[in-house]
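Presented sequentially are two complexes of subunit A, the first with subunit B as partner and the second with subunit C.
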Partner chain A sequence: MWPIDRLRRQAGAKPAAEAPLALVGRDRNRRVVTAADPAAKMLGLRAGMPVTKAQALVPGLVIEPADPQADAKSLGRLALWVMQRFSPIVAVDGADGIVIDATGAAHLHGGEGAMLDALTGRLALSGVTARAAIADSRGAAHALARYGGAPVFVAPPGETAPLLAPLPLQALRLPPAIVMGLHDLGFSRIGDLTGQPRAPLTRRFGPELCRRLDQAFGTLAEPIEPIRPQELITARRAFAEPIGAAETIARYIGKLVATLCAALEARGLGVRRLDLICHRVDNQVQTVRIGLAMPQRDPARLTRLLCDRIETIAPGFGIEIMTLTATLTEPLRLKQAASSLIENPAPDLSGLIDTLANRVGAKAIYRFAPQPSDVPERSVRRIPPLAEDMGANWPDHWPRPARLLPRPEPIETMALLPDHPPNWFSWRGVRRHVRRADGPERIFGEWWKRDAEQVAVRDYFRVEDDTGARFWIFRAGDGENAATGSHRWFLHGIFG
Partner chain B sequence: MRRPQDRALAELRARIARLGGGGMCGDGVLPFGIAGLDRKLPGGGLALGCLHEVAGGGDGAAAAGFAAGIAARTTGQVLWCVAMQDLFAPGLEQAGLPPGRVIFVEAGDDKAVLASMEEGLRHGGLGAVVGDVARLPMVASRRLHLAAKGTGTLCIALRRWWGRTGASDFGQPTAAMTRWRVSALPSEPLPVAGIGRARWRVELIRARAGECVDIELEACDGSGHLGLPADVADRSAAQAGRRKAGG
Partner chain C sequence: MTGYVELQVTSSFSFLRGASSAEELFTRAAAMGIGAMAITDRNTLAGIVRAHVAAKEAGVRLIVGCRLDLACGMAVLVYPMDRAAWSRLCRLLSLGKARAGKGRCHLEWADLVAYAEGLIAVLVPDLPDETCGLRLRRLHKVFGNRAYLALTLRRRPNDQMRLWQLSQLAQRHGIRSVATNDILFHEPARRMLQDVVTAIRHSTTIDELGLQRERHADRYLKPPAEMARLFAHFPEALARTGEIADRCRFSLDELRYQYPEERDDPALSPQETLAHLVGEGAATRYPQGVPPKVTAALRHELTLIGRLNYAPYFLTVNSIVRFARYSLSGARIGRQFRRLLCARHHRHRPGP
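Let's look at the complex of A and B:
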């Protein structure tokens, strides 16, 4: 799909989305279809089909020349974008794929699943159809992304084998000739091959088959050769003797950061994403990525953030090369410090925010801001901690609870209809007699968001029991018309 | 006119404070503005640069309002660390803490909450650091207290628990300067049906170099100040207003 998506993106709206589109290239001296969009595929076109046959099948077919070089170049740019946003180790995988090492980077996006969702979501927004999978080995992820069922899939660690077994043999990245030969012998799934003796297979098909099998199951290491664009600012240090102690790593991190910051200062840049890549003697790569809320080039602060994560680096038999790359940079001009004559400058919290964000994840640190909505759970939204103050506040007509339950909990009540508070209610097994109550405060559904809310109503009451505990409860529905809600009662919040 | 005994006592107190180290802090105090409460606290208010504990029990709503009121009266941003988020920002705003002043950290577990709180205290640019924690071991509380003392930032540990084990854990000693329990009481009676201004029983269970207090107060108003109920004080603001309106 990549060539089609790229063409549509770059050409704008020229080939209309409804018309079936096919790309045409040359296979020796025949003109064949190299890619077809979903509309054309629905009509029976396949890659590898002669153009004349395709045109005969689909009369209104739009044909564009294929341009593999532009596709590859564009894919390289996409890989660079993924590297800057998602993970330090990224490489182009074949003609239509990108392989990402998610280790050490997923925490910034709130876990592996969230990271894949964010990645495919961003790609879909810009018109690129993407399928993604995370698995234990590069081969398994390749197979699951291309031949697995779900468009976004995270394989649980250690359970690769049963997931790979039902996939077709093409998923192993084998040359077509080997796949055809295996088909002739009656093998069609990866699971068919796993129990077979290896020697006859190797004698017949060469070492490639077993190598690919081992790579898919993770028994053979397959390092990713990451893209390293020249224009990124990098500091590199190779060691004559491999290093392993945490203190030594910290010392060299400090030296690398100092070099990098000098280079950044010379260009007037500050760093937003910083990657530390440690090459070990056993050819494994350990990575640490830190993200910053604002562009920075303060060596002490960057060193501190990197040193906080030293414990995630497994040095193994020793580290021989350390590379520090400023993956994402933004201009950072020198600022004059505010004079203390007029007023005390507001303390700079970005250092604290960065430290916390790299520890608990950037999504877990936020501020609340008002959202224009009457429905309580929709009236707050989360904004980044250093975002500008909105200046707006919530309306102050009615008291609001200090704590809101994650979702309203059903309660048992005895209440007069239509608009009386309950006489008693029981929540979490405790029956409470209502001594005083305020309400109802009627909240209407937001019909512009969902059709189901067109007539929905909630009647909120503030009730106080004998001991003085105050609760925020509501009845779904207006008490008269069954269409407005189920007339069941829920407890939604607790007042102080 | 101070009597000589008073001066001797004050000197003695200052010397003990210097020796004790962990006791009084030189960062000043944050008075409640309620004489009955401030008189019992050393220095006449809640000591800044110290750890304070507030018992919240299971729901911890009253304790959250109490902590929000204290944090609202400090200057600067407030860092509020929670394991799972259940605070409702409009409710906190009504206790005096507007959304623009609070940065929330949703750390996931108690250990990460304590680490985030300590990080915030060591920064020094914050007005107050509040954390919802279930367990607060002695070592962790001492770390928080020392971090708070280093920068003069007010630290409030909101203790929440479910079941008996949590309650017994709250009985364990910690390095906190004061320990409070805030529970909801029936609200101010109104001449009409409805709920008046919320009232709390505020108990100061333990105060280093201070006395215990058990007092009934009105919940925080929009600026984070507690109030003295009208039937306890001779004439509170609310009572005065009503009299004026009536007469």
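Let's look at the complex of A and C:
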């Protein structure tokens, strides 16, 4: 799908979205279809089909020349974007894939599943259809993303083998000749191969087959060669003796951060994403990524954020190279600090927010902001902790409860119709006598949102019980017209 | 005493505010047994003629009124008590509209004071605060016993408290309060249309409208019994709606078309002026003396004109022709002018 998506994205609206579209390239002397969009696939087109046949099958077919160079270039740019936004170790995988090492980076997005959702969601917004999977090994993730059932899938750790077993042999990244040969022998699924003796297979098909099998099951390491754009600001340190102790790592992190911050300062930049990559002696790579709410280049703060995550680095037999990269930078000018004699500077919360975000994920930290809506459940929304106020505000002279229940809880009452407050109500098994009440405040459904809200009405009352506790209760419906609600009573909030 | 009277009703002539036409409002009012209803559009009397016709058809008495939104943020409902007050109100609105340009109206409190005679004024308050007290004091000073304060249920928090505080505030300033309903549409189902026109007025979409929507609920017509139930604590405010209705006896039926006058000499009536001008014209035309046949024809014509009371019209034609002769030289243009004039008046009669 990548060539089609790229073409549609870059060409704008030129090939109409509903017309079937196919890309055509050359296979030796024949012109063949190299890719087809979903509409064309529905009509029976497949990659590898001769163009003449495709045109005979689909009369109104739109044909565009395939451009593998442009596809690869765009894919490289996409990989760079993924690296800046999601994970430090990213590489282009084949002609239509991107492989990501999510270790040490998923925490910023609130877990692996959330990270994949965010990634595919962002891609879908920009018109790229993506399938994604996270698994224990690169080979397994490759197979599950391309041949698995769900478009977004996170394999539980240690359960790769049963998941891979039902997938076809193509999922193993084998040359077509080997797949054909295995088919001739009666093997069609990965599960068929796992129990077989290795020696005859190797003799017949060469070492490639067993290597791919081991890579898929994670018994053979397969490092990712990450893309490293030249223009990124990087500090690198190679050690004569491999290091392993946490204190040593912390000391060198401090030195790397100092170097990096000097480079950042020279260019007037601050860092939003910072990657620490540790190359181990056994050729494994350990990464730590930290994200910042605002551009920063304060060495102490960056060092502390990195050192908070030293525990996630497994040094193994020792680390021989450490690289610190400012993956995403933003301009940061020097500012005159406010003089304490004249004014109190606004407290800077970004340090606290960064520390928390790198521990529990940026999504778990938010601020509530008013949303212009009369319906209480919709009058609040979450915004990033350092976002500006949205300009909306609640009318301040209307009392609202300090605590709003997540969903209204049904209560039993006795009340006169149509617009009297109840005499008593019982909530969570406690019966309360209503001493004072104010209301009704009539709130209408937002009819433009759902059909069910077209005539819906709630009558809210503030009531006070014998002990002086105040509650916000409402009756669904206006007390006269049965269409406006069930006329049942609910408790929605508690005044402080 | 008359029963409950709706005193604050916005028809669709308050452009992009009201959601129901005068016909719908009066038909509904008649069905509910409301004896009289006022139409108070914002800064306009444009809807009054429609409302007059609709009220006659529905058998409900129309009380002529208008809501004035002053530049200082004060909103006053005014009702002319007699014809003279009606003309003053018209002149006041013309002044405001001429000042602000198309579609708007700019009026200051001082303007209202200048044209206040014969008008009943009802202050539309927001909160019972100092601003409201200040406005009440000013209103009392200018309108005396013709000043009232509107009590309106909003179906918002502290409603009853607000009404009570407002009525206390009014009492302190010697102003009587009156119950109104602030009608925007004739039946509850029109609320959606109201939201849509509000969105158009703010040139935004329904989703983005947010808190710019009409914040106060239940703006539809309610039967008198329901109003009596809602204003159970303020029976005197309800009764005063009838009192205002009794005081505002002005009706559009009192208006007749008034032809502008073109008399040079105010001592003479139009008919005498015309006879005088005809005599002069005949003398110029027949310098040797007017033939008896012509004299008889002129006398006959003048009698006819006198009977039909057409003299002012001929005076208008005369003054236009005179103006044409004076400012545009050349008979051709003069003839063109006269033809246009005759076509405009739909009558083909030679001028003097």
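Here is the rule we use: the second predicted complex is superposed on the first by the 384 of 496 C-alpha atoms of A that agree within 3 Å, B and C clash if a C-alpha of one lies under 4 Å from a C-alpha of the other, contacts with A are read in each partner's own complex, and residues count from 1 in each chain.
Keep in mind that, in the parts below, contacts are C-beta pairs under 8 Å (C-beta built on N, C-alpha and C of every residue); 3 or more make two chains touch, one makes a residue touch a chain.
As the structure is a prediction and not an experimental result, all values here were calculated from the model.
Legend: residue contacts after superposition of the two complexes on their common chain; A:G186 is shown touching neither subunit B nor subunit C.
In the superposition on chain A, A:R462 makes contact with both subunit B and subunit C. By the touch criterion defined above, A:G158 reaches neither subunit B nor subunit C.
Judged by the touch definition given at the top, the superposed model places A:P200 against neither subunit B nor subunit C. Residue contacts after overlaying the shared chain place A:P440 against subunit C, while subunit B stays out of touching range. Of the two partner chains, subunit B is the only one touched by A:F495; subunit C is not.
Once the two complexes are overlaid on the shared chain, A:P331 sits clear of subunit B and of subunit C alike. Touched residues of subunit A were counted for both subunit B and subunit C, and B has more of them. By the touch criterion stated above, A:H397 is placed in contact with subunit C alone, subunit B being left untouched.
Shared contact residues of subunit A with subunit B and subunit C: 399, 438, 462. Looking at the complex, you find that subunit A touches subunit B at residues 347-349, 351-353, 355-356, 359-360, 364-370, 376, 379-380, 385, 389-391, 393-394, 396, 399-406, 435-438, 462-464, 466-470, 493-496. Interface of subunit B with subunit A (complex): residues 59-66, 68, 76-77, 79, 84, 86-95, 98-100, 102-108, 112, 115-116, 119-120, 123-126, 182-187, 193-195, 198-200, 219-220, 222. Only residues 127, 155-161, 188-189, 191-192, 195, 206-207, 210-211, 213, 215, 217-218 of subunit C touch subunit A when the two sit together in their complex. Those residues of subunit A lying in contact with subunit C across their complex are 372-374, 392, 395, 397-399, 438-444, 447-448, 454-455, 460, 462, 481.
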